[in-house]
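Labels run A, B, C and D following the written order; every chain starts at residue 1.
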Amino acid sequence: MGGSGYVGGELLRLLVCHPACELQTVTSQRYAGEPLYRAHPNLRGLSALRFQEPNIEAVVASSDLVFTALPHGESIKIVPDLLQRGLKVVDLTADFRLKDPSAYKEYYGFEHQRPELLQKSVYGLPELHRAEIQGSQLIAVPGCMATAAILGLAPPVSDGFIDAGRIVVDVKIGSSGAGVNPTIASHHSEHSDGVRPYKVTGHRHIAEVEQELTGVGHGDFVKVAFTPHAVNMVRGILATAHAFTRGNPTERDVWKSYRARYGSEPFIRMVSDKKGLYGLPNPKVTVGTNFCDIGFEVDTHIQRLVTFTALDNLTKGAAGQAVQCFNIMTGVNEQTGLNAPGLHP
Amino acid sequence: MGGSGYVGGELLRLLVCHPACELQTVTSQRYAGEPLYRAHPNLRGLSALRFQEPNIEAVVASSDLVFTALPHGESIKIVPDLLQRGLKVVDLTADFRLKDPSAYKEYYGFEHQRPELLQKSVYGLPELHRAEIQGSQLIAVPGCMATAAILGLAPPVSDGFIDAGRIVVDVKIGSSGAGVNPTIASHHSEHSDGVRPYKVTGHRHIAEVEQELTGVGHGDFVKVAFTPHAVNMVRGILATAHAFTRGNPTERDVWKSYRARYGSEPFIRMVSDKKGLYGLPNPKVTVGTNFCDIGFEVDTHIQRLVTFTALDNLTKGAAGQAVQCFNIMTGVNEQTGLNAPGLHP
Amino acid sequence: MGGSGYVGGELLRLLVCHPACELQTVTSQRYAGEPLYRAHPNLRGLSALRFQEPNIEAVVASSDLVFTALPHGESIKIVPDLLQRGLKVVDLTADFRLKDPSAYKEYYGFEHQRPELLQKSVYGLPELHRAEIQGSQLIAVPGCMATAAILGLAPPVSDGFIDAGRIVVDVKIGSSGAGVNPTIASHHSEHSDGVRPYKVTGHRHIAEVEQELTGVGHGDFVKVAFTPHAVNMVRGILATAHAFTRGNPTERDVWKSYRARYGSEPFIRMVSDKKGLYGLPNPKVTVGTNFCDIGFEVDTHIQRLVTFTALDNLTKGAAGQAVQCFNIMTGVNEQTGLNAPGLHP
Amino acid sequence: MGGSGYVGGELLRLLVCHPACELQTVTSQRYAGEPLYRAHPNLRGLSALRFQEPNIEAVVASSDLVFTALPHGESIKIVPDLLQRGLKVVDLTADFRLKDPSAYKEYYGFEHQRPELLQKSVYGLPELHRAEIQGSQLIAVPGCMATAAILGLAPPVSDGFIDAGRIVVDVKIGSSGAGVNPTIASHHSEHSDGVRPYKVTGHRHIAEVEQELTGVGHGDFVKVAFTPHAVNMVRGILATAHAFTRGNPTERDVWKSYRARYGSEPFIRMVSDKKGLYGLPNPKVTVGTNFCDIGFEVDTHIQRLVTFTALDNLTKGAAGQAVQCFNIMTGVNEQTGLNAPGLHP
């Protein structure tokens, strides 16, 4: 539901050739009746489906599981109904990500009407919640920048290597993160050739990042100084985290920490070679893939751990992660439909 | 052989997950001993292979078929040997594309040493030479801009709709077409934000385009006024052909011409909707795919047929086309390993 | 009047430090009351002016000359009034460019209400109409792509070197040509990394180009096959003209033709070195300047003259040309306020 | 001396129309004998000078003041000689920026041979050292990223608002910062559409930043956690500084701090509107200008001051700052030759 935006399009790209998914219904108010390729020109010749008017009955009649790629605040109006009728839901909005209902007031400006669902939903980050995802009926797919920040920081936070109260997360993100609707901010003439800081304090993803990192930590409430910047690329996020170390961890200690947690993760690649042009993560290399590339350096000049996390905001940052959750829920190999290499150059 | 450049990397991207290909040996003088991901960071985690020193004996011992992605003029030194030892070769240089040996002198500046192989090789454009490709031992994969120009023009030339002596082909191409070696022309600060015409007369691809279009025509020698422009993108070609019509073909006539020739082609998409943002071909939508998108308009103001052909210079313009030929040669479904959708946005 | 768009902003950039202009009033409905830098952030710290509501009386009271940078079709509602009250007008719309009233019906879809003004207005291309501009009360500043096409082709058309009935003009233009209002076509995620042909037949600038080139020709009605492409840059036009030659002009003949016409033009640079990376025109080098760079090659393979014309669509293609006309009208040195070098890189 | 690189070119752009400078000699080994426009195509038609072989005698004979835009480590070989012969020198390398000779060993890997000149040279940042610049014979123009970091942080450091031992500086910089020589890192196909962290610890500019910020502080040695990222633009730097506050300064306190120090600075613009698309600094708006735009926000969630500093790395980050110093040294208005508005869009 909500298939005409960029996240919806990315889901469709992954699902049209996914062997364990039979696409039944794709809804869009704006494009109802039109072929998918009208909104997603990359799907021309690859799917004969057309967008349909959103209609819960039709969806329920045809489907076992629904992906909801709606604007924030819209899922909460529909999802309870879908759940009650026994469907599973993988929701790509923020509506079920936060466990603390009051955080919705603070970060999203609305009173959450179904707080009991916040306890039922699972935060869809397989690297932290795989077991819970498996049995869940409602997955809240994480925010794109939150995914990058959490995955990059979970090991050192969990192992107590950094001062959890003073973590800086400086994010660089491409224009597709702003969605399909044209605005002056994403106007090509304005967006090109610049770096634009926005929502430099109080960004909504802070709530998710602090919730999840506090969850893997040791009792301290984790706090992040979080600032995104819109840069001149279409897809991709690089989250640079600057954290001050505790107890002088060596580079080897940090390597062990990442390996211990991510050693068998199918979509996390450690990129910390210090050799070659791509010796540290660069979102360019993750475009179109579900990979999350992580690298780091220990800065002895100032007792800092600096980490770099790169991913594609539409894939591992949204639709790819949703499909990864879907794979876990349905019991197929977790990499199904997600194993094509990215492009270079 | 020659696996560390952009075309070699694109081949590897397509072959590492190709079900009918077992990659044995990848050679590179420069990267010998290094993992593939050192040259192609997108392959990190997807292949455990390492580059090897180029060694014909080792290649012959391990392989049935060789892709050669070498500099122009290098294949001719190696390929005869490979052929004699019974291997099949899919060559990505220009060394075996032209049937007329004297054209090498004119366009490439060297005397072709093995003119008999020019009769043996097949020009690897499946849409024109599928049957010959099937039984061939030596495929000469077409040039990237030549592929675009030929595929866009073959139907109207073949059906006699245009003045074959005055065809203008104005090409826009991304920076990856210039290859992996840094030069001032491809320096980011110079290449960005500009449009740079280069080799504006006498470009080498003219020879291929005229050879192939003359081949589908009706006796007239086809001549093209061909000029490429380097534009600010990485992958992609848009070839705009401006041709003056003969006999006042209608739009419907032209549609029929394209449908007759390409109606069952798996990688040609007619994109001529006149509706929506992607109603005509745009190379952006073909990036990473083997699609060739073709559209056109009939200009009654000046008796012109203008055609647009978009493709990814590294995929349908090189490595993807090579794999398509490989699929035909080996008898598997022609789309094997080439059916992933492109990205949008 | 109409100072908040990209053309208005470029005018203000040039006028805030123009020694012969005292900026009195800048109008904008949308930004009335706001400082100029709200719409044009480059002017922060450089002008204390604020936008005012459009008000003819106020404009007339304060000014001798008005630049109108309004949407097409809006100038015609205001300009007659300004003229009647004795003001001079430099109009940046298309409303007074065409001499033939019926062309407005054909190309702009409206019946021109003041056809007598079409005879009074001067087409503001100094290289063709300098003397008329000097004494005129109403200047119609040419379209950006039309400027490039006309300046590149006027000498060879005028000297009869090319077949005037079959001229191809293939234009590459940056996103700023589409103006300040966000649309899906100029959305960064859609526009980046692509080449998008648009209005591929019947573009409005054809009317101007044919009018002016016919004017410099020898009786033949000049016809152009004109197709623009939106490319991934912000400012700049490269117009590539492919023309078929008559009488086998040599390269030297063509050089003489350009030199004869443009030898003392302050804003035309011949760029036809065949040496170095910038041996032919590239719009990158003209950004922010009033230069029009022209180069060419004679193609003996197919009896073609290919010419390249590069300029900044907002400067020589609009506001800079308007200021050049203003300089001519007011009798100051024609280069006043227009002589800053462009940037490299 | 050293006029063919990007910094040299930017100097020439500013000096060819500078009313207080008479350009005598421009040296370049590589381009000796060629016109300036061969290296700097923007200067075509604007200067008749040609590059000359570097020759100290010729320079001394013709000039009163020399700008040296050489590779790091080359100035030290030439400058002492120039100084001894009574010339003034504005040096754009790092050779005379650091006061502590041992820092050259640590950050640049060489033993400084003329440590006495480090005491004589003045760090050419007018906002901190205007009076000293006025009477100096040797100016060491600051590094581009250092300029951004220092100007953004000097007021809050000076006023004791932040923890000086834990300042994070996260820099985004365009490709021109890497200079004119092509490398794989600046290859268009590699650099485009990505974000590449580099020299993520131990960057050379740290030495300058800590030297100058310690100089304006209150005895504490200032330490910075400094990490640059190469982003997809040609010119421009955005330095984002994340600092933890001391004593809970309010937004008003911080505003007062900046105003007190920079209130009459001609090239510093406070951009902290929280309104409109350009309400915080964006390097896009500073391209080609000598402006340094500064903005900030106080983050009460985590007691952080986040500051943003945008400038053009080639102008205020190098050549523009050099000309500003030259203006101060020669007693002309400090804005001479530096007052053209930037472009938008």
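As a working rule, a residue touches a chain if its C-beta (ideal position, glycine included) is under 8 Å from a C-beta of that chain, and two chains touch if they have at least 3 such contacts.
Predicted model, so just to flag it, every value in this text is computed and none were measured.
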Between A-D and A-C, the pair joined by more C-beta contacts: A-D
Reference subunit A; chain at largest CA-centroid distance: C
Rounded Å distance, subunit A centre to subunit D centre (Cα mean): 38
Between subunit A and subunit C, centroid-to-centroid distance (C-alpha), Å: 46
Per-residue multi-chain contacts in subunit A, two or more chains: 6, 176, 180, 184, 189, 192-193, 232-234, 277, 282, 285, 287, 345
Complex interface listing, subunit D residues touching subunit A: 165-166, 168, 170, 172, 184-185, 189-190, 192-198, 200-202, 206, 223-225, 227, 229, 231-234, 236, 238, 240, 242, 244, 277, 280-285, 287, 297-302, 304, 306, 308, 310, 345
Complex interface listing, subunit A residues touching subunit C: 6, 174-176, 178, 180, 182-184, 186-189, 191-193, 232-234
Subunit C residues within the subunit D interface of the complex: 6, 9, 13, 16-17, 37-38, 40-46, 176, 180, 193, 234-235, 269, 271, 275-278, 282, 285, 287-289, 291, 293, 339-345
